[in-house]
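Below are two complexes that have chain A in common, paired first with chain B and then with chain C.
After this line comes the complex of A and B, so read on.
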């Protein structure tokens, strides 16, 4: 009796051990939390599009009524008053992000390939150390890094931001887990055809782990794109876009609109990159677990 | 000594010979792996220089007094003793950090797991959109300053404006200047941002679970979704659970960047001062590098301990 009753309500593809109550409850929780995640971002976008008088409404409105792009225009006006043009900050961040990400991709992939596919003494120890290093948060190493940078004379130089990012352990870890899944026979075939190790890596290794390097790119991109770097960089013309943003947003309520506009600019780039590579990323993460 | 030696009596120089052979073999292996070492060299050199050496230096410096100008001066355990017995602000920072870590760590972790689990049941298109919804705050970097506008201390701040409009309060509340409100608000903000990498890896792990296991589960009498989660789903994605845990622990103990722009640095009466805030205070403002290194070393040790603990717990999943 009960069984037929339940079956009546059941959706077509539903698994046999799901209750309708449970589905409803989950959907409710998901909706509330989804709203919690997304509304602040929507609020930022609305604020960025609000004309000045709407920013000073009482009571404040969440959504924008007469959207315009004045705030975006204001950023350029505000920034043109500082003696470093705004485009310079953009260039700095784009440059650091691109060079750092590409460098990280190449260096980490090379190392991951050797660790995954070559047998040589010491490889397990090296990988073990790198896995432990996943736990080094950048703050733990900040002070000695500063000392090392000053010894190398890299302070106030892009190198101090780019080079450490190139050797980030997370990327190597991801690549290694994936490289391990490349069939050995594939590599052997290339070697028998006379390909050198580097060619094998480039022609066989890399194309086979495309999702992995897309994931690595988004992690590295996101890190570098948001890097303030004010610890190592002193010259105004070398400072990054997130740093410039933090200067605008500390300017108080009058600049709330402009600051929101910068937030929107800053977040739109990683979000677009993420959307483009999303499907591949998820595929990568599936095999990125830590093996005990 | 002599008797013990007589008992076993290996041929003279046996050990030496053995070691020599081994070493020769190892040398050959290393020679054969020349290309491999060339491959790993760029990464390993940079990694050693910017990740490994700093940790070692940090541990070393933590036993010294070092102000950058003079050479480090060895002072034994003095920094650690001062931290625990003479530095009230540090103890406040420890308390705040544990509060952040204990709340945002597990809540963030389980929320990420929970949402990933629900979202995974949807059709691919909807799943892609929802993944973006939950991951967007993590990738949008500086976006957390929106919370600053939300809880702005004048009546144009969204929360204040409405509280006054509705007659609940008569004047604006200084959210980030009030010790009562500062921590709860910051915890919400950190949770908002902390789904991140863990969430993504759970989504992936869930998609990787073998479908036939579920069918077998129905046969074996798994009655509801909770049993299915515990006995089938979670055990099949242990690696992702581990990865998410490492990421969560690292980030939840190292909270500072996201709260300083909102709460100010240092925050009012150190109400939102974390261990990392303290570290940055001594490291980059007061230039007491030895002291700061002691803080960093402690933080590092706690993170490793936590990871070991979590690994142990995760091994019990599904049993």
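After this line comes the complex of A and C, so read on.
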């Protein structure tokens, strides 16, 4: 009796099929690969803290010796001289990022839900077109895109940055693949209980693919946050934050310190968004509680 | 397959018809944006590739190119000395890196999905490259002193190269592996940094996929006495297979269209530096058709094996 009890206890404590060696090996692989990835970040932060004379040391040093915040101070000095208040740039980027990300999320997931869970003629053709659309990178489409924006009179307007981002195909493709995994029985159950099509989408479809749309938010946010939009925006008061900051760094070698501080500021926000969205992911309930 | 039915002298939607109508309504916003902005852009680009463009003070004038408009296409294949070479190089590079990126990112996602301390930090570390390689940050890093001097170093240093060749020679002499496999592996080792850096998005997609697999499936299989190995192949792998398709297509496209790609940069410089819009568009379209063929083949093969729950 006692023997079986102890055995049960041990089984519970130890995760199944995992050994100390396996854990150690995984940790090793993670550390090596992680080191590759984290080094540029460490370097960027070090650079931002370096005083000017240390930035131009030869041979260059990786780590900072006398860290100070002068570079960040320089940004604010430079920015306070600009014609438009600095907060305006921040507002522009935040506005474009939020509207674009939310719009993209809504449009892409609506479309993905229909493509995955509704049968209608032309479905496969539309999906095929979307996959091919993934192929066009922004360099190839720059000139035609500009012509369309100018025809629509959207130049020098937030719309020229937001609307194309909303219809981006990658997020849609991702959402469609996830939506396919939702069991039809779950949706049927909701419909039988009297849910309309939109309620089914919102209350059953979306919660079940939460990891997918949190990932989609990260991608879209990251893209929009770094968007310079210099092709479409000319008025100073509509320019985005990356655009304004790239003006600092284009000041050449004299602004190298401020430019390295800009890097840290620009990347800290997507990293924070990433950490928040990743920590709010929990395992979903899809396909649990279904008896066929 | 009937969408309409006559009832009481009126045409009414059947159940299937209602389903289709809801489907169309749901994709309508996307279609408007897509056809309004994207498709018209593509059509413009095609028309550019068949014509010579002259930019004047009040817009541009298109005149039909020689040889029934195919002048630019013929020139790309027969006259331009670099085009075929670059096209072949891009495809060869894609073939080597894409499988490695897929395997690495799947592996990394599996590790990152397990429960351990500092998981959130580990995950964000693997996403850093995506943030670091975007836009303004990339531009600034390129002008950096240490990085630029490091690039010079990599060009001149032969030590690494020699040790690499030594290992390759050792492998060919003392193992009976075919030479192609050894070359592939040694290329993979030299390119490991590129592979790790390029797989941020893929890891995240796989991670999201792993997280949406219901734990009750594993619970049930553990109850039946399945091992971790069996769990992986019978549950994780089929459930993640739709995302293998996503990631394969995304990785192929990413390797072809990233700004560092040789073909891409030559197209960009033809269009923007030399201002030969017609020729540049023709190059882009040949490139595009080549990618589309590869995508169709790869997509066709993978989607045959994709498993959809239900």
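Following the convention adopted for this analysis, the second predicted complex is superposed on the first by the 224 of 292 C-alpha atoms of A that agree within 3 Å, B and C clash if a C-alpha of one lies under 4 Å from a C-alpha of the other, contacts with A are read in each partner's own complex, and residues count from 1 in each chain.
Note that in this section contacts are C-beta pairs under 8 Å (C-beta built on N, C-alpha and C of every residue); 3 or more make two chains touch, one makes a residue touch a chain.
Predicted model, so just to flag it, every value in this text is computed and none were measured.
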Contact-wise, after the overlay, does A:40 reach chain B, chain C, both or neither (first, second, both, neither)?
both
Would you sort A:231 into first (chain B), second (chain C), both or neither based on which partner it touches?
first
For A:212, select first, second, both or neither according to whether it touches chain B, chain C, the two together, or no partner.
second
On chain A, which stretch or stretches are contacted by chain B in one complex as well as by chain C in the other?
16-18, 26, 29-30, 33-34, 36-38, 40-41, 43-44, 47, 55-56, 58-60, 62, 107-108, 110-111, 113-115, 118-121, 123, 126, 129-130, 132-137, 139-141, 143-145, 147-148, 163-164, 166-167, 169, 172, 197, 201, 218-219, 222, 226, 242, 245-246, 249, 256, 259-260, 262-263, 266-267, 270-271, 274-275, 278-279, 281, 283-288
Given the complex, residues on chain B that touch chain A span 26, 29-30, 32-33, 35-37, 39-40, 42-44, 46-47, 49-55, 57-58, 61, 68, 111, 115, 118-119, 128, 130-137, 139-143, 145-150, 152, 154-158, 161-162, 164-165, 192, 195, 197, 200-201, 203-205, 207-208, 214, 217-218, 222-225, 227-228, 237-243, 246-247, 249-251, 253-254, 256, 261, 276, 279-280, 283-284, 289, 292-293, 296-297, 299-300, 303-304, 307, 311, 315
Contacting residues of chain A [partner chain C, same complex]:
16-18, 23, 26, 29-30, 33-34, 36-38, 40-41, 43-44, 47, 55-56, 58-60, 62, 106-108, 110-111, 113-115, 118-121, 123, 126, 129-137, 139-141, 143-145, 147-148, 163-164, 166-167, 169-170, 172-174, 177-178, 180-181, 183-185, 197, 201, 208-212, 214-215, 218-219, 222-223, 226-228, 242, 245-246, 249, 256, 259-260, 262-263, 266-267, 270-271, 274-275, 278-279, 281, 283-288
Chain A residues within the chain B interface of the complex:
15-19, 22, 26, 29-30, 33-34, 36-38, 40-41, 43-44, 47, 55-60, 62, 107-108, 110-111, 113-115, 118-121, 123, 126, 129-130, 132-148, 163-164, 166-167, 169, 172, 197, 201, 218-219, 222, 225-226, 231, 242, 245-246, 249-250, 253, 256, 259-260, 262-263, 266-267, 270-271, 274-275, 278-279, 281-292
Give every residue of chain C touching chain A within the complex, in rising order.
16, 19-27, 29-31, 33-34, 37-42, 44-45, 48, 107-108, 111-112, 114, 116, 120, 122-132, 134-137, 139-141, 143-146, 149, 192-193, 196-197, 200-201, 204-205, 207-209, 211-212, 214-217, 222, 227-229, 239, 242-243, 245-246, 249-250, 253, 256-259, 264, 267-268, 271, 277, 284, 288, 291-292, 295, 299, 308-310
